[in-house]
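Chain IDs A, B and C follow the sequence of writing; residue 1 opens each chain.
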Amino acid sequence: MTTNSVTAKLKELSKLKFDMFEKDFLLTWEKSDADIRATVLTAQIIRHLYGSNVSLALYQSGLAVSNFRDQSTRTRFSFASAANLLGLMPVDLDEGKSQIAHGETVRETANMISFLTKVIGIRDDMFIGEGNKYMREVASALDEGHREGVLHQRPNIVNLQCDIDHPTQSMADLCHLKEVFGGLDKLKGKKLAMTWAYSPSYGKPLSVPQGIIGLMSRFGMDVSLAYPEGYSLLPDTIKVAENNAKKYGGSFKVTNSMEEAFKNADVVYPKSWAPFNVMVQRTKLLHAKDQAGLKDLERRCLDNNAGFKNWECNEKLMSTTRNSKALYMHCLPADITGVSCKEGEVSATVFEKYRLATYHEASFKPFVIAAMIVLSRFKTAAKILADLNRRRPKRISG
Amino acid sequence: MTTNSVTAKLKELSKLKFDMFEKDFLLTWEKSDADIRATVLTAQIIRHLYGSNVSLALYQSGLAVSNFRDQSTRTRFSFASAANLLGLMPVDLDEGKSQIAHGETVRETANMISFLTKVIGIRDDMFIGEGNKYMREVASALDEGHREGVLHQRPNIVNLQCDIDHPTQSMADLCHLKEVFGGLDKLKGKKLAMTWAYSPSYGKPLSVPQGIIGLMSRFGMDVSLAYPEGYSLLPDTIKVAENNAKKYGGSFKVTNSMEEAFKNADVVYPKSWAPFNVMVQRTKLLHAKDQAGLKDLERRCLDNNAGFKNWECNEKLMSTTRNSKALYMHCLPADITGVSCKEGEVSATVFEKYRLATYHEASFKPFVIAAMIVLSRFKTAAKILADLNRRRPKRISG
Amino acid sequence: MTTNSVTAKLKELSKLKFDMFEKDFLLTWEKSDADIRATVLTAQIIRHLYGSNVSLALYQSGLAVSNFRDQSTRTRFSFASAANLLGLMPVDLDEGKSQIAHGETVRETANMISFLTKVIGIRDDMFIGEGNKYMREVASALDEGHREGVLHQRPNIVNLQCDIDHPTQSMADLCHLKEVFGGLDKLKGKKLAMTWAYSPSYGKPLSVPQGIIGLMSRFGMDVSLAYPEGYSLLPDTIKVAENNAKKYGGSFKVTNSMEEAFKNADVVYPKSWAPFNVMVQRTKLLHAKDQAGLKDLERRCLDNNAGFKNWECNEKLMSTTRNSKALYMHCLPADITGVSCKEGEVSATVFEKYRLATYHEASFKPFVIAAMIVLSRFKTAAKILADLNRRRPKRISG
């Protein structure tokens, strides 16, 4: 990015009527268009300032607490990196080392970890109907704690993946699309295929496909969602995409054919997930601690998966996309045929062709999270960033 | 707190003859009255400066090592927050990831983790006769390491709960009492009921009740300790409270009646703990890794507990306190009847009435720990804080 | 160290033709003599500045990622301390909390943890033929990521112990020798005995003895490697020591007699390790997850060890060293007879005599790691340190 272009972006940001101060980032579709654009612009600006050795340490101290209720590499390091970049200290709430149960004590824990905390990142994606709800319980407890004078400040929550959405992923993906296609307005009329793909594993969250169709349908894209019969998503998220298609002048189609989705696509996002109703059953079995039931569900589910091994993103399918060169996207790690598994989501040759592109896609995540923090915590974020760009305090001295 | 009142507190602090520089904080009753008052004042001043966006980053670098030999949420986050506030980096010594045994190698480990370390916080509350002793072994190893030129500085130790005392808790409680009653001198003549309460769990440490009677008896309070027959505390801590009552003109009584303790109390602190002699047996069984013995002890202990389910803090008991509105205190989490357990320490209605007050009580802990660090590491702590209050470097910029 | 001597060291450093900028530190014998000398000097200078309350926070933000594939106390805290000293935030990659497998995905993980990362420290010492190789795979992935624009900067790798070398240990040991003997040039002609010693444990890495003979043979020392028949080291590392002896005018001898090695030694380093060929078998069994085989190998190995219980460093052996007062060294923790085990590497009286000296030896490690980071990341490291020494920004204010 040139110096000119960062100035232009700062100007564009200063004109947007976004409203993110003191607001949590829980679902992209709760955010206005200006909010989404501001987040992308801010991520790009922060990335540029970082690359220009400008320090973004807006804090002298303060905690950024993360609570990962599921495994994570990319998001964990992105959250830690973003926090550290801004001068906050990432601290992981390891629920195993504390004595936290679901339910009644959520509001207590929320306050106990927040006395000097600015932001709380939460990943809770295993239980359908619960992850996002949990975040809102935390939010409500923080509201009360701040209102009642327990907390000096009310930390903002960043959704690091829930049962419904994965906004730090989809927003990083959007930044990637913006850079690849040369602008958000260039996405209009482009076809995006969000498709299921075969994987030898089971129980992968629905939040990525749901997040992608919910966000990309806002830019006038022709979004095609494809999955084998039975692998449907959470119905509410389908409605979000349908409504967006109407509102923003794109289209949204659901099909049971990977071929149909890939045909003339400009962007393909083939990725495995578990069927919504399986996830619902799984949630019940997990609560009941029914190990035999879980084992049985897994077996049935893998058997079912095995009927769709042909849902693989390979050269043949790629050749049917727009000019045979759709952009391949993935949230990583991908199940690569012959590499990380015998048969997987994508063939080795297709993945290798786009491997570095997927790394580049992932590289936006720390900056997206930093943008979410800055916009939620600083009323005059645009002015502050412009000021940093002028003053240019050094990130690395010497 | 107004600007005036922080100035007054800084002045008060500057006049106190406290002696905490380069001293560990292991037991409140090893500290002079001036030390205790200085710690409370410093915690209040730091809290005020924090709330006024004044940076307290006195360090550019340095480690604050914690060693939690038992689970923790509140204290873990309070220690990390305090360290970060002062510019230190909290690092947890996870003994499972190192190869640390009890005994001979304590002095080695103490030095190995301390080359660039300013403070070490230790929680070791499971073994009667050992937790506090362990802290002193670490202290002695640090003395030697510093004396012999191994360590550039001798880190100070903060007791984050041991078998005897829980000073960061009791000092936070004291700050709370000071604010609720309008001054430490206002505590004189107030009745505090530190009572056992029923809980369906077993093996809770004795350090909170011991810490409370050992500290609050220094302010001329009428301290009433109540527990069912057999649930006595460590004899030495009883003596501390008795001596304090004589010295400071309050009183200290032990009773087997919760009703008697609550009667006309200004403050009630109902909390479960295991009997001292059970903890002694448990320590032996833990050392012997006698799982059957432990199981048996637990069963007998829970059976015994079950005979005292009527030791619950409820509306009826609360109505017997001073004007029916004693201050309810708890170190959290509380066992709440019908909420976190079927029958517990406190009824849901009583707890709900004081829930936010208990959060407020807990909110002092990070500032108390920060005060302990500042007073132990800076000879001219009072002057430094006054200077910060004048210069007002920003904690959050932008 | 006096102010004069730090100025002299800064001058000496500025004249050295070292070439460490943007280079990993994987094996000492890949480094030039100037590199080794620059690292020792820089460690000494940083140590002095640290002790003089000069802040070395060259970074406002940035991550220092560690990946410990084996347990660690000393190195873990040294790495965290060094990172924090320079203004970086240590973050541990806990592979158990992510989903990382060996092999194919190394290059992906390497990039995913590196978007805002300056240095990666790796310990991987359990598998013969793999630890150092793994580091080079990470290095190559980082090269690609940086070259292809995925990474803003290419983090440097510090070897925190592998199957071949343990450079942060051997370099700390070298700093210790330099201070004890009054200069690196004073090491010429001194006899160093690197000997095996009995331990009731099994499977200790070879990297320490290999690292010691590979490094100390560069200073004209007479290096004597002694071990019972069968306990040979990795053949390539023996060649390194042999070649060094020729090149630098010292000597390198292998013997099966501890007595011979100790005779007239100026320095002794008695330490247990597993035979190279046992480690090779163990690697295969670990890969095959052959628990019975591992159990059997351990039993046979311990039986074999037991034949060499007389390989203990005791008063009698020490009395045969130069003037009966060779410097005893150990990487810690040592297996001390009658203290940490029944029969071990060293008698209690010998160890106690040198205990604080071994702590002092260990105390160089954080500064050695800081030196490795500074030299690999700052082209004008010598100038930057000289500048800090002039400006003297405060590490602790107040």
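Points to keep in mind about this one:
To be clear about the criterion, contacts are C-beta pairs under 8 Å (C-beta built on N, C-alpha and C of every residue); 3 or more make two chains touch, one makes a residue touch a chain.
Note that the coordinates shown come from a computational prediction; the quantities given were computed from them, not determined experimentally.
Listed by label, the chains touching chain A and chain B alike are C.
Chain B and chain C touch with mostly distinct residues; of the residue numbers seen at this interface, under half occur in both copies. Between the CA-based centres of chain B and chain C the separation comes to 41 Å, rounded to the whole angstrom.
Among the residues of chain A, those in touch with two or more other chains are 89.
Residues 58-63, 65, 89, 91, 93, 97-101, 104-105, 108-109, 111-113, 115-117, 144-145, 148-152, 378, 380, 384, 387 of chain A are the ones that touch chain B when the two sit in their complex. Put simply, chain B touches chain A in their complex at residues 50-51, 55-57, 68, 71-74, 76-78, 80-81, 84-87, 89-90, 332-333, 336, 339-340, 356, 359-360, 362-363, 365-366, 393-398.
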